[in-house]
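Some structures to go through are shown next.
Each of the two complexes below includes chain A, the first together with chain B, the second together with chain C.
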Partner chain A sequence: MHELLLFASVPVHQHHELLQQLAGLTAMQPRHSVERRLIFKAYRKPGLVTSRVGGSQDLQQSGDLQRVNKMLNGGMFYTQVVGPVSESDFSPAAPAADPDTQMEGMDESKPPVQGTSSYDFEQQPWKLEFRDIPEAGTRSAVTSRVMASAALPHGDIIPSMNAWGYSFVTEYVVEGDVFIQNDIVIYLHRVLHYPSGEQEHREPRRHLPVLKEMTPLEKSGSYVLQASVNVQDGSNQETMKTASQRLFGLREQLKSAVRLEQADRLCLDTRAK
Partner chain B sequence: MADSFTIPLRPLVEQQDRPDTLPVEIAQINKQWGSFRDVNEDVLRSKIAEEEARDGAPSEDDDQETSDVDTTERLEQLYKRRADITQFAMQSHMETMFALDFISLLLSKHAPRQAETSMSAFLKQVAPVGSLNSEVVNPPPKPESATKDLSIVSRGWRTQNFNSAANKLLNASSRLEGEITSETRYWNEVLAIKEKGWKVCRLPRERQALGVQYGFLEATPVFRDRGLASLRRAEDGSLILDKGLVPSGSRFVRVRVQQGSRVSTSSNPTGSNSTDTETIEQRILQARDSVFEEELFHELVREARSMASSGVTTRENLIRIPASDELEIHLDLVDSNDESLQADQNASQQDCVLADGLAHSIRLLLAFAHRQNMQRRTQTPPPLTTKRRHTPEYHLLRPALAYLQHLSNVRWLESYFSDIFGVLRSSGLEPPEHTANTFSTWKQIRLSPSVPTVEALVEKFLGPIESVFRGKLLTPNSSFAVTIRTNLSGPPLGTLFDVSFDLSTVSDLKSPGRLGLKDEVEAAITHLLLLDVVSNIASRDISTKNVDSPDITVSKMRKWDAVYPHLGELLMSSENSEKHRKLKVSLSRSELALSSYFVRNIDGVGRGAQERPSLHSQPHSWKSPPTSTSTLDDNSSMMDFVIAQAFRDE
Partner chain C sequence: MASLTSDQIKVLEQSRQRLVQLTRSLGSLIASLNQSDPLPPWSSLQSQASIISNNLVSVSEHLSDHRDLLSSLVAYPGPDYPGRTQASTLEQLLRTKLDPRVEDWVARGRAAGTEPPALDASNLNPSAVAAAAQAQKPLSEAELAELWEWAPIEANQEARRRNWGGNFTLEEREAGIQNVVTGLKRQLEDDEGSEDEEEEEEEEAEESGEDEMEVVGVHRKSGGDGFEFEIAQHHAHVVEPVVPLGEILRYMTTGRMQ
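For the complex of A and B:
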């Protein structure tokens, strides 16, 4: 599959306004999403995993499979493992940190629950998302890259990932809102880091910290607007053209609010060096 | 600052010094036309004729010309005129160029560089730059009277100009005032609409105009785009709802139920039967309703076409659906204020309820389909492919039809049960009560937090409908169950009966499972009940003397033996091979019949040719009384007959 993208930077003061504009444009309410993202790095030399030869797949599928195999094994790439979480999965804020409720004495009826959340790491669904480095030398004004995603087992995925030749590097959280319009997924999001006080984890966290204590990667708290269209067959020029036309249409519509543009190719490089 | 400070725009007109100007004018007329004494009729007539001749002549000439000339001449004339025009234009161009040259030459004295650009090449060759000069010359002083005249004329001019300017300003101000009042009215009405919650926006194609969105965002694109009308301003500022080319009348989908020859019509659901479209709000509402109704009909037709296999036919503007044997449903789109469509007053109440219910349900289901579209639209889309995505038909008719079909099946089964149990009851048997759990799938409440309650409620209608009938039999530990399942939304289409038996006394009895036809179901259940009756007879020990025949005083135990339970045959064997007695039970929906006769057989078990009723034995028979007269006074119960027959062999 191919992914066509446009990006824009949204300063934090414009965030609320843009949310409303997007809600009006897409005629839907924003779908809030919080995702854990784990970064894995391939460490095995390519060529160790050989694809089955002589299978009776049809040509189309085998071509696809070969491509994915090549992507996964040919070069060395960082891949992302994405797990959707909800805000309630994060630890609730400590009552002391919230002076308002203390003053009003609201908490007297029920004892404060400290540091517990319903988050169950074992039930956490995961999805593997592979993104290639964007294609070079395309004359089109959109970023386009090969992508593939696959569902992973629930819970602890480190063993499976290790077995596939990936080692855990780090993790972060992405929070944002999703809009859908005309096959375009509009994702207004920002990257959050875990509180810096904690020691470096060697594996994914089993408990999530307080959401409010997470610090944005961009210090000003600004957001990234990402508009993407997925195309099943990247070699089909016509669908690729349709997809980029749609993105350009969206760019025209949002022209007065934000400037959607192509991203720098090397910034989206996922190759492991 | 003064809040209102008015300035007279018109110049003050001085009062004339001599108010009476008549003598002057008379003197003037005398001077111009001669004395009044010379005026007589002839002079006046000749004057009038003269004036007429001067005015009327040219127009007559024109008429003559146009009628006389034919096409070629006209063409010639056209060319000539065109040549004239061209020539005239050329000449004026030439003169302008001369004037330009002249001015340029004059200016070249002072600003040579600038003037040179506008000089013609010829002039540059002929005359050197700056060779012409001008000087201001004082004109000779004018006589006193001339200056006075001049001043009067210019004063008159100025007054006239002031007057016309004042007129223009005043006109403009009154026009503006009118504009302001109508604009105010327009915007107030727009605001009123907005405050009522309608979405007011700019029209996408006509950026200066306002529009109101009343349609449904999730409708089919054709109807979604029609849900936007522009709000135009009438001359007086009132709002006009401009829907473009769409006809303005309101229409609605009429549901008619034809039961035999009776036709019942659903009422207009929008309720806007009246032509009361005074306020703009009502007009918007009406527009919304009719766009909804038209979409509804469009979708109904689309769905009806896909249901052609169920016997649904579509004409240009009519959908006919055979719901059951007697019932036919007609759907069409009609004008709401068509007087000829008034409902039949003598239609039955029940049918009207059915028609109204159907009308409401298809609308609810369309609204539900809109919600589903919204949900589909806001999901993460699948990747783009070259394949066009097919939008499935909405489920509007199918759930309603499934309900009707299911209902008629349930009613049929209920009436069948009441008949057959009535037969059993009138025969003196006491069949246990059966329970019916109709529309059981609708009664289950599955509320998941992700789906709003309204949607969860409607969603049930789309799934298969299920009704379960359960009951116990006369034989202990035996039961039966009939599940009716109707599904028109997906395969298997139609109604299936799932019949299961549990009869302990007949070991080789298997449940028939899924049946499609009512007759099969009836046969299966009748057979089960027959078996039940047979085994009930067989299980009865007959030892009492409590029999009708007073001559029998036997106290030994006897028992009917169910030899062929599936055929309803029981045997009472006897030591005498001639005296085997057979009892044959037959059960149908209308009656239970027993007949008993002797068989001459060694053991009495054989059938067919071997089974020969004794010649001298009269078959005795018993029939269940009609269920309507369920009194057993004049007729003995079945068991009495069975017992009596058991002792008749003596």
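For the complex of A and C:
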């Protein structure tokens, strides 16, 4: 599958207005979405023979070795594991009541452990989303890249990811609103950091903090507007052209509100170096 | 009777071409209205309308530029005109009055173009005529500017006088809200009672120092003073993003900022 994209930066004061404009344009109410995103990075498995160039007398074998190594280590990418969560999965806001009153209220529906929600990490569905580095040198003014996604087992996906040669890098939360217009998925979103002060996590969190305590990556709270069209057959020039035409149409319609444009290719570089 | 010079023929030829263009664009608009289902998007209708209006302008310019020539021209059949077989065309070419239908159009157009604003014919005293002449005269630049300066302030003041919120005006409520024609399919609720609560909630939210974006009613003044108006709403809290888009995308891709 191919993905064609346009991006725009939306200052925070424009966010509410743009939501309304998009709701009008797409004739739908925004679908709010909150996602956990885990970043994984492919690593070079230890124990693989590194071919010593010119070190081997046996040219035939060296060629084979190189080929095998290339297959194993050639394409090393960052990849994302995305898990949808709902706002109720986050810890409830720190209750005004102190623990004492909680002890009294045993019959309350709240779980007995303070500050936790009904969030069940073991039941968290995950989806692997692979994105290639955007294609270089395309003349059309949209970002286009190969993409693929696959469902993963629920719960702790670290063992499976490790088995595939990926190590956990970091995680963040993306909150935003989705609109659909014909083939175009419009996603107005921003990145939220987990509250600082916690120690660096080496694996995905099993509990989610209070949503209000999450801090936006962009301190002013600005949003990113992403318009994307997915194309099943990226080799078909005709459909690719139609898809980018659609995006240009949207860009024209939103011209007075935001400026959608192609993203810098290297910013979306998923290759692991 | 002098025969036409080549320049004059060229003028006739040009008017023919422009008229052909006009009929073509009219024809394509009619065809797209008749044939496409659902109707074509408004943007395409609008562009077609602007093409037609451009054509009209060019035809009318052309006709008025060459008014002298065109009004003095007379058509007559040459001796070799096939009058027997092409009689109907000949009649069209030789008629001196307009087609009755066309005459109606022209009359309607003239009336629309020169219509005085609702002037009562029986009441022809001089002051009324003078007032009508005054009303017809377009405003001067300065007057227009003055009007534009005056209007937003006045509109804003008028708006501030009212207590905004709710779906109905006081007049409508007094006359009975069931009589109001909203043009909506859904039933609007008369939310008079809940208004105060909402405002209180919002005030609380603002006081507790939440992010302003979570307060949807950020444009509403908390003092119960009505709304902050749209005129002032924009750019009241302009905070340009600090982190460039590229950096955000880079972080989203690799979890690192460089």
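Note that in this section the second predicted complex is superposed on the first by the 223 of 273 C-alpha atoms of A that agree within 3 Å, B and C clash if a C-alpha of one lies under 4 Å from a C-alpha of the other, contacts with A are read in each partner's own complex, and residues count from 1 in each chain.
Just so it is clear, a contact is a pair of C-beta atoms (placed from the backbone, for glycine too) under 8 Å apart; a residue touches a chain by one contact, two chains touch by 3 or more.
None of the values given here were measured: they were computed from a predicted structure.
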Quick one: chain B and chain C on chain A, clash or fit? clash
On the A-aligned overlay, A:145 touches which partner chain: chain B = first, chain C = second, or both, or neither? neither
Would you sort A:31 into first (chain B), second (chain C), both or neither based on which partner it touches? first
Could you look at A:185 and tell me whether it touches chain B, chain C, both or neither (first, second, both, neither)? first
Identify which of chain B and chain C touches the larger number of residues of chain A. C
Which of these chain C stretches, 56-64, 128-136, 146-154 or 164-172, gets into chain B when the structures are overlaid? 128-136
In the complex, the residues of chain A that touch chain B are 1, 27-28, 31, 178, 180, 183, 185, 229-233, 236, 238-239, 242-243
Help me check something: in the complex, which residues belonging to chain A touch chain C? 7-9, 11-13, 15-16, 37, 39, 41, 78, 131, 169-172, 174, 191, 212, 217-222, 224, 263-264, 267-270
Footprint of chain A on chain C - complex, ascending: 210-211, 213, 216, 218, 234-256
Of chain B, residues touching chain A in the complex: 217, 374, 377-386
